[in-house]
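These notes open a run of structures that come right after.
Next come two complexes built around chain A: one with chain B, the other with chain C.
Then we have the complex of A and B:
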């Protein structure tokens, strides 16, 4: 049964397309994580919970009778300010400390967010309906929900917009300068405090977009944030910081890996396989690093 | 000297502790109140069903108290419940059970919500020999551990979807069917799965897909793609409300055609609120439905209960509330038959319970599970986006004919 995928080639196509579409969405979340990791040296454990919060914002406007697709515009705007506020409230106190402190702080934020969302939106699973229909390929044997195609398209669009913004705008240049050398940037007149706040805000906005897309493609629940954090962590580890094409490729790779792990190892190992891969990659990186150090000696 | 001082302190604290536990043992019945304790999920992931459970308990307490309370040795007593929020966390639930028993001196417990939490509490109540009547832990493993103080008013989990397989076989002219199944990896869903395995063996059916869904999963696309490829006669999904909602979303989006879809936790109100008429034709296992013809003198019939509940809490009672109310009726009955507040006498009375409530007949098997009440299956049927549960099995209570097979997506509007 586990190797059904090799008997039915159409399943292979289905799995690949599902994986890539999902992977693009993961890549968007991961890009936000890479950005703030690179600039502020903070690993945000609350990343997934910001995503889910963004999803709930889209879901709320859906309840008001607005089409949930508008969530990809409204949700990031609100989330930007949530991110900005979080920075002013908590993150600015841990940004210069070591990594462990920031992990603890964001872990705390994650728990608070989960409970707040549970309190406000309830523990029930919710979905927003886009009513986009389905694309059927190869005589109906491969089906792709249009909502997934839409979400991949929007993710790509925002990613491109962000890259251009980072290259061309003043703030974008300031962010990149701060990432390269915060002290030097400060001396040259960059308001690093503002840069940090903006970076955290942009990351939260990216999470908002991803969340809005998840609300129309998958399901929302206050406690499903963590898998998104782990996935984006993993993508960033593979791709490295500040390398958008690599993040995109590694995101799609992860999406594919998950889908194929589901078919070959079984659904129960789907998320487990991601964790396994994470361990393997960390071990491999460590191995490579240790070799390098010897060489330096 | 130091040693003696230490000994002295130990001695004093031991006496204090003994005194505390001694005084609290009078607290089981305070004045005219019989105090029951319950750890319940008011926050955390089970909070919505936790609240349904609490509403069910409260509704019954109020009703019983209003109708004269519990009569023991010629004196009337009223029920009172001490609640603590277990945050949907098994460890916390076990701590709170200890606290209820040791600090608050509670001698009779009501169950928490979900099998997992009941599993965490049962060893504690067992240790202190505290009778617990629970209404929301259906996992089979609760009833195979030889617990003597655990009583469940609901049918065990393995019975949830057996009826569905029987129904599928019946529709197939008595021949075995091809089953595709996907179950979340939690105690409850895995027990439902065991029930299906038994039913498959019994009916000569074949299980062609057997997926286990991780707890955080919100994407079943891979499982459903497999289902599309192998074309089973029946698809069975169990993963709490999350699983049911995910399944409906992706089945409709991926246009997966299966003749029969059976699930747990798929109340029509919840499904149609999120998915409208896409949820139509799903078969749902349920402990209770308001249209069943059981009766008692406290709530009258199921319909009456539903009406009163609606009036009190503003929503239609899910079965989680109904079974919770029934737990209180069981306790009342046991206290009156025991005619005593002795824990063991009450426990023995519980063992001999044989009664009818609006929720169903109740009689406890050797493991503590309710053996007198069958599970029912209802099918979601819709007019427009307005859907309701219609009972289709067992035939004794069926109000509607079972619609089979589910029309293909291409033929559904």
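Then we have the complex of A and C:
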């Protein structure tokens, strides 16, 4: 335990800015998860691994000599088809089933993805150099990598684009209709099968964007997917499904929590703190819900 | 009264179990693994199969048991911090008596403390329903691994070497036999216990919770009490299994051996589902099949085993969610004591 951070205001500014910028990225992943959870009623444990795969796509184009920032355009396009294929292969068989079946099935997919990424890209920690430099604030006492600002900016941009797309486009309306009532949507002529596939594809594409941003701001490793899944799950249960401002706010909150936990508890407990927070949030939610008067339906 | 057929079956299995380390002398370690896997699958089945609470968190008790046994075994005689700091097994040597005393007390502790912890967190965790419970326990298991990897006194990231088997015992087979019989005794104990539960009212209550918890509550069953007791039973046996495995492997790593959600944590779920959850023999058969499959194929597809594992999970979960026993039950219902009245069945068909 190290509470020195509270005596150093500059350190707190540093941690807060880092946390908020990171949190916007988390919110983007969580938005994808909320989308598929709301529409298909599936909890995708492989969410984090899709993110990491998207990151590796950006890293690959970086190895080919293209600037990794182009990954935010290329990676989602590839990931959309990965998601679509994954839906056609496995997910469509678990959509109407028990939620635990989907959890286990996507857990299996996560293991396969991790291992395949380990084969293809190696087990080393990698990072794509964006060479954007850093911004110094407050007499050089707070350093902010420009890549983080860039990633937050791109995340917001894509989130706004997606919201507009969901409101205005035909497919977006079909997705929202299916989320409200799949049977009614089917009766009214919506091809729900296609909507599901598109939803999963859009979710994978969002993961691809986030992954590409992670490849330039943080680090990539085949086995770090699960923490991203848990983070997005946490954000979704705090914010609720389909409430974008709340997703953004709780994403930033999570980012702040992580940065401060990193300073206070030490980096070795960072991931542990994230998972403990998940347990605490769920337990808090359970006690809050149990206060409501219940009756047998 | 036990039927004569059952008596022959059980005594045959026990004789086979007792003779196994002599018959298949080279496979003692694999047999020990098999016993532990069956125990884990059976205890998982109490939650996932009988109670309907699909937990990924039983690995928590397994890992706790592992660390507790080793810590007690060392801490009873030597300073624990010095042991873990610099490979203490070279400086401090257990005598034969100390080793067995240590492991005895250690196993006792590793059975009781996880059960107490399960009871303590049970009220908070078991109130969660369905997928929230599944994700919460998944988080618990991983958090435990991450936190254990940061605690200095149990070796942090560099791991914890458990006390080596006493060198005074010259028989090279002794270590393998010792751990095999320990795990076999645990297996027999677990089986007898689970079989007892299967014949009791307790199982009916767990089934009621699985089928409709609200209605069970409305019928006057204090569901929370039974859920906690069920989880404590699982924790008790999982802790013991972990303690034995720690001694057998000889080295405890926080995320790869103890809180190994990627292997053991998934295996126990998979084995129970493969065999058929909610049955007495399902997890036993599932674990045995899985173990044979794993040991047979793992070496053939070296490097690809996790891909195979992932594909196996997807295939089993998507195509055989009822498992082997469920499939058999559908095929030969009369063997499971389900009487189908032919007349009744025909009458129903005619009604259509």
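Things worth noting here:
FYI, the second predicted complex is superposed on the first by the 292 of 297 C-alpha atoms of A that agree within 3 Å, B and C clash if a C-alpha of one lies under 4 Å from a C-alpha of the other, contacts with A are read in each partner's own complex, and residues count from 1 in each chain.
Please note the rule applied: a contact is a pair of C-beta atoms (placed from the backbone, for glycine too) under 8 Å apart; a residue touches a chain by one contact, two chains touch by 3 or more.
Not measured: the values here are computed from a predicted model.
By the document's definition of touching, neither partner reaches A:187: not chain B, not chain C.
In the superposition on chain A, A:226 contacts both chain B and chain C.
When the two complexes are overlaid on their common chain A, residue A:115 makes contact with chain B and with chain C alike.
In the superposition on chain A, A:107 makes contact with chain C only, while chain B stays out of contact range. Of the two partner chains, chain B and chain C are each touched by A:271.
Touching of chain A by both chain B and chain C, each in its own complex, is seen for residues 115, 119, 226, 266, 268, 271-272.
By the touch rule above, chain B contacts chain A in their complex via residues 43-49, 88, 182, 185, 208-214, 216-223, 225-226, 228-230, 241-242, 245-246, 249-250, 253-256, 270, 274-276. By the touch criterion given at the top, residues 1, 4, 8, 10-11, 14-15, 18, 22, 115, 118-119, 122-127, 129, 134, 136, 140-141, 143, 145, 147, 218-219, 221-224, 226-227, 259, 262-263, 266-268, 270-272 of chain A touch chain B in their complex.
Considering their complex, residues 43, 90, 93-94, 97, 99-101, 103-105, 107-116, 119, 226, 230, 233, 237, 266, 268-269, 271-272, 275-276, 278-279, 282-283, 285-287, 290, 294, 296-297 of chain A touch chain C. Residues 54, 124-125, 127-128, 130-132, 134-136, 138-140, 142-143, 146-147, 149-150, 156-157, 214-215, 218, 262, 266, 269, 273, 303-304, 306-307, 309-314, 317-318, 321 of chain C are the ones that touch chain A when the two sit in their complex.
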